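Next come the structures, one after another.
After this come two complexes, each holding chain A, first together with chain B and then together with chain C.
For the complex of A and B:
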């Protein structure tokens, strides 16, 4: 870690690159993460954005970006990135642009696209060794349309499509493992509430070539049902309870970048959000809470050895 | 009113609120109540980038005959404003299409006269004052507004309102249904002096439909009529500060200049001045209050917008 230029919060850029005035909800955890990422990536980027909350960033004639932005269908952002990368490579080859005008190709999608609809296009792009950065803002549901369940929804959470007494019956897909199994250059998890960890990972990814992928847990006041001021608190609790492990896959190895030394009980995290209220009221659903805790414990047990 | 006219007339109700206050729910409850009274009904929120705190619109049409009108309501018979801070905001369009016949209901502690004077609204302004325990009661704004609107229409009985609330909110569980029901009925009763105040507008047929005001555009090459804009950061033209009902205020004497608020603000609405003190951009701050919650020295506090001098800038 000694090579990082981000040793403390003071080293983070104080002037931000992403413009204000976007249509994201107040307290949006995805926007918070994107802010931090864009600050490090810099202006020489082109964003390829699959349908989702973040497509509302750039609604003609408004944009918060300092460069180009391309809108694709939900399943096709990595394919769009391939086209942009190819076009840039051809321009470079023909000397129509110089190396100083080259751009980073950045895919930006939500979890609905990353964990579900766009997964096969992503798999193929990694397979081809496409030189791109993938940012998934993971708010654990189809947030832009009223928060229906997605492949990223955690067990027990209430969503627009799982309103019953037990919430979502499925389990959050392990996208980190799926991506890492492709052996790309880099995979990492981040959260806006840990800006230093995030900055170091983006710094690392930026300096590499090939497929690089980031999953940003994006606490969502609207979909998760909590006061917008709690976004950072909830992001930190996700890390401290072990629900959201901060880690990276690099050179064939997975390394945790922030170890919660004494993990908080998951219920400390669950209690903060309206989508889990039914686990505590009117009666405590001990079985589901214990099941969620056991899965988190099992994950860490595997790594603790 | 001759019988034929009643049959041909149509109620057009427009709800104005902020994202999160439940205007969609209000329109559903009112629509359901009309339906239970035997009306043909349309109720819908305006689809778009609905966001917490941003101005939200919802519409209800009710008629004894089939409704052929579609889309947003341009000439409302009743305008319901759930959040009085919207009245002064042009983007919220509260007074759009309001005529002397329109009734405007504002959920507000200010007198009707104040609103008429301040915003040149028509004669028929009715206010519904906040209950005493404002903090707690604001959770029920949607059903309060639906209950009041139901009474103002004069077309909905207490029983139908009751059934509508029960049916529409059934998902929330019995306790919440009862809590909402008592607020809706209380608002319904409070509006008794104004029962029947709303006069349903004329129903429109294909023959009587007045076309919108078309703007004739000359045929131009695509690069003129749909210019490609290469400017960057144009989103900064959008004043998202209007979404805010509370504002964070920094006390420099307590600030340690750690810069955490600058790093964590999702909007990027906090900058650092040359001395390292954070400055909040109130034109864009949406009032999420993450800075207030995270400031290690509690140097940032919240202030209701209406208590700030320039609250409406």
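For the complex of A and C:
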């Protein structure tokens, strides 16, 4: 990573490019990540958005974006990017616009869209080699509709549709692996709480061509039930506990960009969020906590060993 | 005048070719596929300069079409039936973007039961989407309507996407002599697409399709789209006349056939109306004053043109090739709403449902419809809607049921 212009936190932009005063909740981890990403991507972009919390960034007649924006629907933002990219290419080829008017096409969706309804549109966009950047902000549930379980919800989490004693019975889908299996140019995980790692990855992705995809873990005070001031702390704990591995897939290989050498126990992370309270109160659900720990351990064992 | 034998699908492909389309997002479905295959061949041989991308669904296809039009290129796409419904969310969405492009729908009955043969339930499902609709009865009309559709869609008073509809099999796979206009003439009639300020350029950032809060702005934008669609009525008449100056064939929002002095008028949409024309001739020969009115435009609904064409008629028989379960024929409902309470409205407005899933509507059906409507005129009362189905057809179904081991005597799902 020596070629990066982001050697230390001091190298990050001092002021954010994305405007303020949006309708996002205080402490929104998705917005935190988006700020970091937008600072690097810049305004020569068109954001193609799917239904979710971020749809309310641009509410007529306001927008925090200095560049362009197109809201599509929940399932088809990658197809929207296809249409915009193809149209720009046609305009460039036929010399109806000059290269200075070209734009980066950026898809912005939540996990519900990325892991579920929009997965086939994404798969096809990657398979067609579409030149685009996909940002999935992963708040691990259908946030905009009140945080029901999605394909990204972690095991044991309480959601609006899993309020029982054990929380969500399923397991978070490995979207990174699914995306990487398509052999796109670039896939990476990021989190707003690790801004240097994030900036380096966005910088790298920005300079590449073809399908480039980012999954940003997005701590969500509203859906995860914690005090908004904890967002950064929780983001860091997700990394330090090994729950959210920071990694990238590039040139056919997956590399971890930050190794949590001494991993904290997952419960340090779980305990910070109301959605996992039932694992600790009124009684400790040792079995579930151990199961979550064992899965994280098994993941890292593959790489440590 | 040189004419070439073309299927409806080939005529559609020629329409898009002459329109100088930049971009074609596609997805296969019978009976539409021949259109995109024809275009793909022309792209391969270098006969046209168009980019074609096969999407993974019609939902994505219509998203890509709308997004490309919103970026400022001329877009064409085509689908049918299940595909049109699969993309339904995006039909409404891209119409709201005011992204002008042309989508061909080759009408085919909807599942269930699944079929390949035509009727109009698919296209009627898109009725309220904000797309304008032009319906064709001949292969020539398919080609011409696509060129007209671009003029209509891109007109600054309109700026809405347009569906050009043709019937599966009866038009899509039927060869008819078609005059292919010269591309230079088409280029004069249809200048390059000017996207105005609705487009994506780095130097002029724009937010499109943003959310609104509250019913006020929502209503405002919905009303805007509606008023634009209403503008399309006169714009269509205008460009239809201009088309005649260029190509010698004029198009209005309605086609009328021997209806001026008719007492009883058939109203029908699409290619089956040619069957009605033949029936009109036979009924005229038998001494009955019968005529036909066929709407070319379904959206905007040509209410004024209908009122004029049907004023003073004794009776109207609307033959719907669609069925709104629990209500009846949709065109009949729309026409009733347009005529009710107007001066000289025909006292009898009878409804007939037929031609579902490609079922033929033969001369005997038209004779029956004319007879029933005449009786209603004499009685001064509109009869209840009638579902066209013959004894013979029922017998055939009974035979199939027997093979399937189903006895109609046992209580089943038969109504």
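Note that the second predicted complex is superposed on the first by the 305 of 305 C-alpha atoms of A that agree within 3 Å, B and C clash if a C-alpha of one lies under 4 Å from a C-alpha of the other, contacts with A are read in each partner's own complex, and residues count from 1 in each chain.
One rule holds in what follows: contacts are C-beta pairs under 8 Å (C-beta built on N, C-alpha and C of every residue); 3 or more make two chains touch, one makes a residue touch a chain.
Keep in mind that this is a model prediction, so the values were computed, not measured.
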Based on the superposed arrangement around chain A, label chain B with chain C as either clash or fit. fit
Go through the superposed model and pick first if A:65 touches only chain B, second if only chain C, both, or neither. both
Can A:28 be said to touch chain B (first), chain C (second), both, or neither? first
Does chain B (first) or chain C (second) touch A:20, or do both, or does neither? first
Counting only touches as set out at the top, which of chain B and chain C does A:84 meet: first, second, both, neither? second
For A:46, decide between first (touching chain B), second (touching chain C), both and neither. second
At the Cα centre of chain A, what angle separates the centres of chain B and chain C, to the nearest 10 degrees? 80
Touching A:241, do we find chain B (first), chain C (second), both, or neither? neither
Have a look at where A:56 lands relative to chain B and chain C in the superposition and call it first, second, both or neither. both
Least CA distance chain B-chain C after superposition, rounded to whole Å? 5
On chain A, positions contacted by chain B and by chain C: 56, 58-60, 63, 65-67
Of all residues in chain A, those that touch chain C in their complex: 43-44, 46, 48, 55-56, 58-60, 63, 65-73, 75-76, 78-84, 86-91, 94, 96-97, 100-103, 120-121, 123-124, 128
So in the complex, which bits of chain C are touching chain A? 22-23, 25, 49, 51, 53, 55-57, 59-61, 63-73, 89-90, 93, 200-203, 205-213, 217
Chain B residues touching chain A - in the complex, by the definition given at the top: 19-20, 49, 51-54, 171, 229, 232-240, 243-244, 258-260, 262-269, 271-272, 281, 283-284, 286-290, 292-294
Could you pull out which chain A residues touch chain B in their complex? 9-10, 12, 14-16, 18-29, 31-32, 35-36, 56-67, 163, 192-193, 195, 221-222, 227-233
